[in-house]
Amino acid sequence: MNIGFLGLGNMGGPMALNLVKVGHRLHVYDLSAASVAHLVEAGASAASSPAALAQSDVEVIVTMLPAAAHVKAVYLGDDGLLAHVHPSVLLIDSSTIDPQSAREVAAAARQHGNPMLDAPVSGGTGGAAAGTLTFMVGGETTDFTRAQPILAAMGKNIVHCGGSGNGQAAKVANNMLLGISMIGVAEAMSLGVALGVDPKVLAGIINTSSGRCWSSDTYNPFPGVMDNVPAARGYSGGFGSDLMLKDLGLASEAARQIRQPVILGALAQQLYQSFSLQGHGSLDFSAIIDLYRKGD
Amino acid sequence: MNIGFLGLGNMGGPMALNLVKVGHRLHVYDLSAASVAHLVEAGASAASSPAALAQSDVEVIVTMLPAAAHVKAVYLGDDGLLAHVHPSVLLIDSSTIDPQSAREVAAAARQHGNPMLDAPVSGGTGGAAAGTLTFMVGGETTDFTRAQPILAAMGKNIVHCGGSGNGQAAKVANNMLLGISMIGVAEAMSLGVALGVDPKVLAGIINTSSGRCWSSDTYNPFPGVMDNVPAARGYSGGFGSDLMLKDLGLASEAARQIRQPVILGALAQQLYQSFSLQGHGSLDFSAIIDLYRKGD
Amino acid sequence: MNIGFLGLGNMGGPMALNLVKVGHRLHVYDLSAASVAHLVEAGASAASSPAALAQSDVEVIVTMLPAAAHVKAVYLGDDGLLAHVHPSVLLIDSSTIDPQSAREVAAAARQHGNPMLDAPVSGGTGGAAAGTLTFMVGGETTDFTRAQPILAAMGKNIVHCGGSGNGQAAKVANNMLLGISMIGVAEAMSLGVALGVDPKVLAGIINTSSGRCWSSDTYNPFPGVMDNVPAARGYSGGFGSDLMLKDLGLASEAARQIRQPVILGALAQQLYQSFSLQGHGSLDFSAIIDLYRKGD
Amino acid sequence: MNIGFLGLGNMGGPMALNLVKVGHRLHVYDLSAASVAHLVEAGASAASSPAALAQSDVEVIVTMLPAAAHVKAVYLGDDGLLAHVHPSVLLIDSSTIDPQSAREVAAAARQHGNPMLDAPVSGGTGGAAAGTLTFMVGGETTDFTRAQPILAAMGKNIVHCGGSGNGQAAKVANNMLLGISMIGVAEAMSLGVALGVDPKVLAGIINTSSGRCWSSDTYNPFPGVMDNVPAARGYSGGFGSDLMLKDLGLASEAARQIRQPVILGALAQQLYQSFSLQGHGSLDFSAIIDLYRKGD
């Protein structure tokens, strides 16, 4: 299939590579010449601009961009995708943005005759490289069905979350809970250990009790409890605190727009903001446990 | 074995019954004559006072009391257990109290020649009746070994958490995390649904993603997502909000004493306190989701 | 002076009237015919559209609109003020919006040859009617000097806060502190009274101690402490909780954009959001004390 | 008058000196020989123990101790004041402790035939030396009247807050509000300045607007805004963060006992706890603004 791919960063690059690997013909664009060159080496062809990419004979366009402002510019700008794309080309935006913006862009696309899906991912750069991402997809069922084989080349779980924007809504809700849980585990582990319990014993109890969660049993933030997690390597790698901060910001901003309280969510956002202000934004998000331990 | 049992309430009553069922000879005491009568019918004998119970020929005494003040009164009072108990009788306190108080009472017991364990439980009245409680035990290893067969008659998981007070510390840490997680799930589910996602679809995504936790996959607070949970029956039964409030209070008070921050934990405590002030303290603790939904 | 006035709502209406009263010739526009008619009766003339208002011979245009989206539409829209206004007409926006949006619109105005000030107010509808508002003004000093006599017809304190957007920044900072203080007073009064202190005695102590603040000594939320405050009349009138919620939302959103933590500010926002969700958004913002009192 | 004084620390020492200066005969006790020697030089006589002090011919005993545990030990201990003091000697405890403990000790004193007042102070070591403290007094009116001239030698404002424990209740409520306000000012000043407003201009606006409070107009935490405040001297001197932390802990613990929510109060406590954990507990409490500024 002829697929356009726009946005070849840490996530988009390996995702596009996986599409090439299964035999699709990719036409790619990125501001970074090096990123484009890397894909061209692998067999993709390069577009000179988003407009050129849109005017080519692609059947599907996938975008992977940093934030809503970029998505709006790329799709809605005077020289953007919608101004040039052929009708009925399927548009898939895998960027993580707020549901409201996703719905606005999808509505504009629909008006132009293009079906559009929001399809944000979880799984990180590791999952992008391995092709094991989870896609949370919002949009029409027929469009979802059409997108499924393409997404399956990049991910393992492809979940239809309902209408337009619902992929973003599901991701934002899950990641807000993740941020809260991680801080909760950080507090519980720090408290229990400060009260005298051995960290591994405590984690063992929590992981078989009602406190059990992904942040405790799969990604424990307390050093020495698990191998192969960021806590075991100085909180390098993983999912950066600044990315968690961005997602918590999306959640609280989406909540504000629909007048929905998110009390712990807002506090989690502020704690990650403090942590980032102190200069730790590039550490894995489990490093937030440093707020609770002496001599951080 | 001759076992004394003091405190035959909603938890203590069924726990004592399970000891009788496996053939132990129980000598019991409670302020409620009805509770005592119920055990006597089942084959236990009644003590006329804590002192009388202590002076009998029991080898082990188990206590199950509402709060630290009761535990201190029963053990340390002028006419309390320590004033009358024979040396080397094993003392097991299954009340949920703060670790500091547990350590004080255990130290006093030790000085009197009695080994003592703190052994708070999780699993609720259902687990107490079914004999499937989890015991989190703090104290010496030899004492733990001695207690294990007795506790095994009342529970399924018997976990040694380390020295004196560590059973309480582990429980307090786990339950603080549970309170945080439950509110986190309440916020995430309410936000995602308010943004348009179907509750079952959202729960399905969370339960296979990084937001996964016991509060979402086993005890989801959103009505209609699961059967056989309090959310499916108007939040009746289950683990009462006022009990969660008590445990969060123990956590924040224990944290205060050792000067350990518990930021989300303290906020969770205050939210449960507000919920209780509004008159909902007897509802299951998953009912906290009402704070996030219109027309509660 | 010939002055254009756009936005004749609860605040804009009485402000425009005060300009008429001191002898200015007003040319006004509002979507509500009734609001326009009221001003015309008082001596103003009516413009048929924002464009018509912009093309008239006004020397200054004042706008008073509900939110940033309206301000952007009115100024930057295809048929908006900037598309039609004569160069060097002074633009004064008294709407309360986020500093970033204020700066964007002012930059667009400047590029078009028009000086622009952001000049949000405090003092409520009472201050608008009495002409005793406080104006917090952002923009060039020469423009501020030019605007001063006009603003003085509508307000008592006209404060220059620095460059463009700084009027909004100052207002947002002050009102965030106000929201925090009000909840703080609500908690402190409720706690002290629940502990047994008479509310008037407690307020007297606070007002002469380090807890003293406007929310305690001028606008005390506890019923029975002061006359002539919303707490004395069932929390009717005053500054609505939903307006406080809007301002706290502006504060936390402005903070998010510049990556500045506002921990208590974000929590205050969520508490007002909860209060609003429960249906109390139209009560005065001091009614938030109901969160802390039984049987609200 | 013959007055006993027990507890000659940073606060008690200068308070006792002021009593000597106005001509009272003081009989003093402290664990620190140096502190006692300092008072003896000034004309006081030394007691060899609390019991000895109680058995002397004093008409009034004033105590100034670090925490409730000390107060309970000194008054209720086997060799404590109540075991030895002559009936009808007036007991005044100026320690800052929780209202509940104050009421327990006062009830024990009353049973022994001794009137007792709780009379915690505000004003810091500066106020103690200058004799300008504020006393918040709980107890019977006749006892308050009797104590007034004595307290007036050490303070400027002597406020009767109602029955036993109410002095502590009023102090705890005021200081909780102070902690909240200070963090609120820290956030508002940091946000406004980060948004581009000059700190002095911003403080000027807040101090004449609805955000006005003691923490902004008398003790502003932002460096450069005021002279003669801790922010002007690196946050040395003043009211230590660890003392604020203690008072916030008393507030949240008192609230817990009576089941009263204190949401911002509990969060303020945790933020001071974090600040203390990071090693800043000895800085003035206005230094909490460092949580909100880069490169702290």
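Letters are used for the chains, namely A, B, C and D, taken in the order the chains are written, and counting of residues starts over at 1 for each.
We adopt the following convention: contacts are C-beta pairs under 8 Å (C-beta built on N, C-alpha and C of every residue); 3 or more make two chains touch, one makes a residue touch a chain.
Remember, predicted model here, so these are calculated numbers, not experimental data.
J.: If you take the mean of the Cα atoms for each chain, which one ends up farthest from subunit C?
T.: Looking at centroid distances, B is the chain farthest away.
J.: Have a look at B-D versus A-D and report the one with more C-beta pairs in contact.
T.: The greater number of contacts lies at B-D.
J.: Could you tell me the distance, in whole angstrom, between the mean C-alpha positions of subunit A and subunit B?
T.: 39
J.: What is the distance in Å between the mean C-alpha positions of subunit A and subunit D?
T.: Taking the mean C-alpha position of each chain, the two centres sit 51 Å apart.
J.: Counting in whole Å, what is the centre-to-centre distance of subunit B and subunit D, each centre being its mean C-alpha position?
T.: It comes to 38 Å between the two C-alpha centres.
J.: Among the residues of subunit D, which ones contact at least 2 other chains?
T.: Those would be 255, 260-263, 267, 271, 274, 277, 291-292.
J.: Which bits of subunit C are touching subunit B when the two form their complex?
T.: By the definition above, subunit C touches subunit B via 267, 274, 277-279, 291-296.
J.: Quick check: in the complex, which residue numbers of subunit A touch subunit B?
T.: Residue list for subunit A touching subunit B: 99, 122, 134, 136, 157, 159, 161-163, 165-166, 169-170, 172-178, 180-181, 183-185, 187-192, 194-198, 201-202, 204-206, 208-216, 218-219, 251, 254-255, 258, 260-265, 267-268, 271, 291-292.
J.: If you look only at subunit D, which of its residues touch subunit B in the complex?
T.: 249, 252-253, 255-256, 259-263, 266-267, 269-271, 273-274, 276-277
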